[in-house]
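Data block below; observations after.
The letters A, B, C, D and E name the chains in turn, as written, and every chain counts its residues from 1.
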Amino acid sequence: MNDVLDVALRLVIVFAVFMVVPLVVGQAEHKVMAHMQGRLGPMYAGGFHGWAQLVADGVKFAQKEDVVPADADRRIFQLAPAVALLPYLLVILAIPIGPSEGAVGQVIDAGIFFVLAVMGVGVLGSLMAGWASANKFSLLGGLRTAAQLLAYELPMLLAAASVAMAAGTVSLPGILNAFEWWWLPWQIVGALVFFVAGLAELQRPPFDMPVADSEIIFGAYTEYTGLRFALFLLAEYAGIVVLCGLTTVLFLGGWHGPFGEDGLGWVWTLLKTGVLAFVVIWLRVTYPRLREDQLQKLAWTTLIPLALAQIALTGIVKVAIN
Amino acid sequence: MTVAADSAPGAASLVQSVDWLAIAPPVIAASVALIVLVADLFVGERHKPLLGYGAVAGLVAALATLVPLRAGDRSTFCLTDGSQACSYTADHFALVIQALVLGGALLTALLSVGDTRKLPAGEFWFLLLASAAGAALLPAARDLATLVVALEVASLPAFALVGIKRGDRRSSEAALKFFLSSVVATAVMLLGVSFVYATTGTMHLTEIAARLDDVPGRFSTLAEAGVVLTLVGFAFKTAAAPFHFWVPDTYVGAPLPIAAYLSVVGKAVGFSGLVLVTVIGFPSYADVWGPSLAVLAALTMTVGNVAALRQTATRARSAVRLLAWSSVGQAGYLLVPIAAAAYSSDEQIGSTVAYALMYAVVNLGAFAVAALVARSHPGNRLSDYRGLYATRPLAALAMGFFLLCLAGLPPGVIGLFAKVTVFSAAVDAGLGWLAVVMAVNVVIALYYYLRWTAALFTAPEADTQSGTAPQAPGHRVPAPLTLAIVLTAVAGITLSGAPQLILRFAAVSLF
Amino acid sequence: MADVPGPTVLASDYFQSYSVVGLLALVGVLFVAVAFGAGRLLRPVVPTPEKLLTYECGVDPVGEGWAHTQVRYYVYAFLYVIFAVDSIFLFPWATVFAAPGYGATTLVEMFIFLGFLAVGLLYAWKKGVLEWT
Amino acid sequence: MQFLLAFVVVAPLLGAVAALLPAPPGLKGRNPDQAVLRHGVTVTGAVLLAVLVLAAGFDHDHPSKMQATTDISWIPALDVRIHLGTDGISLPLLVLTALLTFLCALHSYFKPPAGPSPKAFVALVLLLESGTLATFAVLDLLLFFLAFEMVLIPMYFLIARWGGDRKQPAAWKFILYTLLGSVIMLLGLLLIGLESGTFDMVALATDNGRGLTTSVQVVAVLAVGLGLAVKTPMWPLHSWLPDAHTAAPTVGSVLLAGVLLKMGTYGFVRILLPVTPDGMQTFAPYLAAFAVVGIIYGSLACLALARPGAKGDLKRLIAYSSVGHMGFVLLGIATMTPTGVNGALFANIAHGLITGLLFFLVGAVKDRYGTADLDTLAGATGAALYGRAPRLGGLLAFAAVASLGLPGLAGFWGEMLTLFGAFDPAEGLSRPAFLTYMSIGALGTLLTAAYMLIVVRRVCMGEQREQPHPVADVRRHELAAWTPLAALTVLAGLWPAVLLGLTDPAVQKLLAGGKS
Amino acid sequence: MHLAYPAVLAVLLFCTGLYGVLARRNAILVLMSVELMLNAVNLNLVAFDVWLRDALHGGQALTLFTIAIAAAEIGIGLAIVLAVYRNRGSSDIDSLRDTAETDDAETLPDEVDADAVRDTTADQATAPAGKAKKAEATA
């Protein structure tokens, strides 16, 4: 009975995190962007600095009419948002935030495999949306999304492999247990590659060519309205959370910190994740959008060679210190 | 397998020592493939032919490394847990087949050197060498995983090679047919492999052989299914009837040298795989695969020969199609000793090896002449060979010799004696009925081989129904093509004088 | 068979963690279903032909939505499949290569493997596959 | 000696290769065709010379002993040895082969074959000679098979390229029949070799079937016998022969009838009788039955062809007569007695000489008249060769009576001894059956006499009418080619001991299981 | 978990794939069916590996290789299908008759109308070809 309760509790917490943290990131984005651009951003909803803006947005979306274009492939069109969203929920389950058994949704022994594989499913949602909309812009956007995922999945995999090599395990808590502070400089290239590639997979600016409104309206999501559209948006922010969380766990030592690891480990994790999320927002504001060819070129000619180099470095160092 | 388990206990013994010399033949082929591929990127259009010569040199080097290995006593990638199972064994069987496939690839390369201008050179040579590397790995593989990987490494580039003629409808169509039938075969075979693994818990063939002996009763059906499915997969690869339908279509659509390659190296790959799984892996199921292979052999040779008989001389590409069907027929003969091995001993396999060697030399020779003729008659009809003796007497003589070797008639002594070894394997194993079926087939085959031979020497008719311009005198033949014909002819004649050179494999156990 | 595992039951703990994943997935599906169900109650449904038209920036749509697309995408897919699949070989190796008993040889072996990947990449690059034109 | 025998086998082979090469400067001759035909004559002449020397050097006191033996391992894997040797049984056949081939080459030199490239023609004839000589000289089962097969291709091309009407189907029929037979024979040979552990014919003959169970012997005899019977040819497997003979050029017919058919009967004597006596015993009555049916069938077919209005082809007729003659040979072998086998061997040689001569003559007739059709030749009254070309007519009549077995000529002794053999067959064979066979065989000789005389009457006699062009009589080169045959026919008829003295000890030894 | 579940699932998958291979006419769908078959095998291998407690993890290792092989096969297969499509504007495998055995004696198939070639009897066609012919006849 205890086990059942334990599992139920974990599921509830994971679900709650999944519902709340992305909203926090979204709200932060509104405000941070606004301030960086010399404006205030949402100020009214909820009173204090417009804290409830996204909740209000959610309510608004839920009340909007749900239009499915006449030409669309109905079933797929309707399912696409769910497919785009749910993988992130599952990934959150596997991310440890603290040192103890209880600070992770579920220990999965092939953790890296699991998270990378499940995250890859998300793009299927975009692809389905792009295909099912029967809209040229959507299709183009969907294909661009797919191409982008394909291009950046590899550097991500390789960078993750580097960490797995360093730790000698593919389990996420295992990696954190093996973490030492000097991994930071050692794996920094991999970290950058991972983070950049992750950003690109999320189609966050500056890698948002597939949904570039000035070119192809809103890419795969052009035809979406109402709640389904909201789910796509939610997926994007959940993606940011997951990416930042994973980068933290894999490269930044997760719950490790200068002090207070045992009790306050989860704080470190959240802090690092938060900082990374801020960086994500910051990048959106600062960098211009990459062209499609630049996008691909960056992946194939910069990130992958870098990742390979990182693997080589990791291997050599690892063997040397043994 | 080099992928070791993470649960394995520590100690320095975990890393398998690698005998680099033993694995040199496939490794050299693969490395040269890679070098050619990279070189292709940096070599100017003018120097592309150099790639071909590089590939030839690589194959020669790979062949040369067989010489220091001839003792046939090396194996590597062995299990470190005390059992004697190894994943790679360079025994005599492996070495002979390696010599065959690398030699076959070399001759294919020679056939293609002058002909790759229309094809993407770098890709062509890379694919050829990669496929040859896989083919060279296969006979030495002694576990199912390596076997499967080698088989695929040999096959996958072959698909691309068949379809390499860009913008050619037939080429891509042939590739698709070949590809689809082959991947289905692979899937079926893998299912069989998974069943075998389930019942034995190991991938190493020798271990499988030991453990299949005492499969508990409730798993015996599963084991049998595994054995049968694995064999079905290989039967596809060897183009045994009723899994042969892709052969003629594929050969006809593929570039001629590639058809030659498939007919020799592709066959060798399928057969060595079949030999390995049956004789080394599943000896305890000899009562299952013995009779089935015997029936398959009879069926295959009959189907192949009868279809070859039906070829009309004036049809487009009838020459290649005939060679394709005849290769199906020959595959039937090659199966006979394997079936015989179920009834007597492993030594019968030597007959298959000897026959395959003979077939390789002679069939490549025939394809070489076909390539020569195709230069002036792109239609590749059998009727194009009428009166070849008048225009190219030496090529005609060589072709006649090759065809008679295939038919198994003097002066093709080697062909005759290779057939004799196959017959003797069948008779020795008490497969009298199979020997009689084969005898009838030899006669059927004789008819079409001899008809072709006869056509070579008849006076050419005045008509040119193909509409091709009469051959210009002094039509230059590329030196490598000539070399290929000369090499095969010399090999064939030498072997006819001293059949012992290859027939000695028929008398000893190669494993 | 050397040692027949007794009952035909697979290692159970192996599946326990994944059953939690399955549960969570179930939760997620429920959430989406509930959200859509609730949305249906909340939102208006007033379809008109114009509204259901494919959106092309306000202009009436031209041609079919499912247009042929470039082969280029396919080339990328191809590259991805090959490289990604090959790179999964890294992970089993990554967990053991530094363990006692393996050492530098194993490292070199994997470098050779990575070398193949690099050559493949180099090839694709030089062939101009990676240039988006 | 042993080099001589090896030379005899190999020289034609080398000659065949040499024939394809351009002539060396000194030997260019008038034109390339003439040079190559001369080359053929030279090589066959040299071979004949070598065979004659071999025969002269043959130890006539011990004809049952293998002489001039060579024994080299060739393919250890298959236990194939180049084992050559000759004894009283094979020596006459060697001489016959060398002689006939030489005569054919000579004939071709003066009368080049009608058809393409004499070069290939000479090469093929030489190849044929090599194969035939090898068949008679080898003492290894697989080598025997190889030699047996070796003649197929050259013969095929001789018929298919230099032949007359309907040459293609005839050539195909020839090769498919004989090949099917010989492949089955191969299976039998393999069975013998694998069961007894050796392919060496001498060892096998010495063993005399003791190493083989009866059932193996029965199967082996069935398989090997089938192959040999096709070649011989035994009724009802003979149907390729008339077509092949009719279509073949003169030289082809001569060699086919004179030499190739002997390979089959030689195989019976050399392999089946000593190696598988038990199996042979089982099949001997059937073999004999088929043989006598063949005798009667051949004769009746000839009678039908010789009838006026039957449009019978002379060559075809002689081919059918060969079926009958070979029936005698088979009957002799089937008796399994020294008398019968000696008779068979004698008939073999005699048939080679006489039929060779007959085909030469018919070829000459065909050249002169442009046809070998009996009705066209004879017209209403007869061709009147006696009158128009007396020497040709005379020779034809001589050959015909020799063929019908006139005492004093070669044909007589063989049939005589064969029938004697059938009168008293070997132990274990049913005497009444063989007595029946004997009487039927005797009837066959009468029928043979009948059709031969009809032929002579229709071709040689008759009213001499005016012809648009005169018919040339025997020319010098023709005489040169035919005289040896006629002379030998007379010699063998008058002095059979020349042959029998050679064969008898060897046959005795064979039938006694290698002990003499 | 009982071994039967993955085993039965694998067999079902495999049979589905096999059915697809035999019944589908579109080359892409056939390819996908082949992938199903391969993945059924993978499932089998992994399940057996776990069940056998194989210290060498032969099954898992082979699975990795199978995945790689499947990827390569798909890559090449798609390339070939693409080439076919580009050359003839269709990826229907039943209409691939250019290299097939026809009794059409005198012409090169590419010189005549493709339909004319297709209509001639062909005994060496792959199994579903007969169906295609019927379909064309009714069309």
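Going forward, a residue touches a chain if its C-beta (ideal position, glycine included) is under 8 Å from a C-beta of that chain, and two chains touch if they have at least 3 such contacts.
Molecules present, by chain and UniProt name: A = NADH-quinone oxidoreductase subunit H; B = NADH-quinone oxidoreductase subunit N; C = NADH-quinone oxidoreductase subunit A; D = Proton-translocating NADH-quinone oxidoreductase, chain M; E = NADH-quinone oxidoreductase subunit K.
What you are looking at is a predicted structure, and each value in this text was computed from that prediction instead of being measured.
Any chain that touches chain B and also touches chain E is listed here: C.
In the absence of chain C, chains linked through touching fall into A | B, D, E.
Each chain gets a centre from its C-alpha atoms; the one nearest the centre of all protein C-alpha atoms is B. Set side by side, the interfaces C-E and B-D show unequal numbers of C-beta pairs in contact, with more at B-D. Among the other chains, the CA centroid farthest from that of chain B is the one of A. Centres computed as Cα averages put chain B at a distance of 44 Å from chain D.
Note: centroid distance chain A to chain B, computed from Cα atoms, is 51 Å. Our note on geometry: chain B versus chain C, Cα centroid distance of 38 Å, whole angstroms. Per-chain CA centroids place chain A at a distance of 14 Å from chain C.
Residue positions 84, 88-89, 92, 95-96, 99-100, 103 of chain C are each in touch with at least two other chains. Among the residues of chain A, none is found touching two or more other chains.
Across the assembly, chain D contributes no residue that touches 2 or more other chains. Per the contact rule defined earlier, chains pair up in contact as A-C, B-C, B-D, B-E, C-E. Touching chain C in their complex are the following residues of chain B: 2-4, 6, 10-15, 34, 37-38, 41-42, 199-201, 211, 214-216, 219. Residues 1, 3-5, 7-8, 79, 81, 143-145, 148-149, 152, 156, 159-160, 163, 166-170, 172-177, 179-180, 183-184, 186-188, 190-191, 193-195, 197-198, 201-203, 245, 248-250, 252-253, 307, 312, 314-316, 321, 379, 465 of chain B are the ones touching chain E in the complex. Across the interface of their complex, chain B is touched by residues 1-4, 89, 92-93, 95-96, 99-103, 105-106, 109, 116, 119, 122-123, 126-127 of chain C. Looking at the complex, you find that chain A touches chain C at residues 7, 10-11, 14-15, 62-71, 81-82, 85-86, 89-90, 93, 105-109, 112-114, 131, 133-140, 143, 146-147, 149-151, 153-154, 157-158, 161, 164-165, 168-170, 217, 222-223, 226-227, 231, 291-297, 300-301, 304-305, 308, 311-312, 315-316, 318-319, 322.
Residues of chain D touching chain B in their complex: 20, 74-78, 80, 116, 120, 127, 131, 142, 145-146, 149-150, 152-153, 156-157, 160-161, 172, 175-176, 179-180, 183-184, 186-187, 190-191, 193-194, 219.
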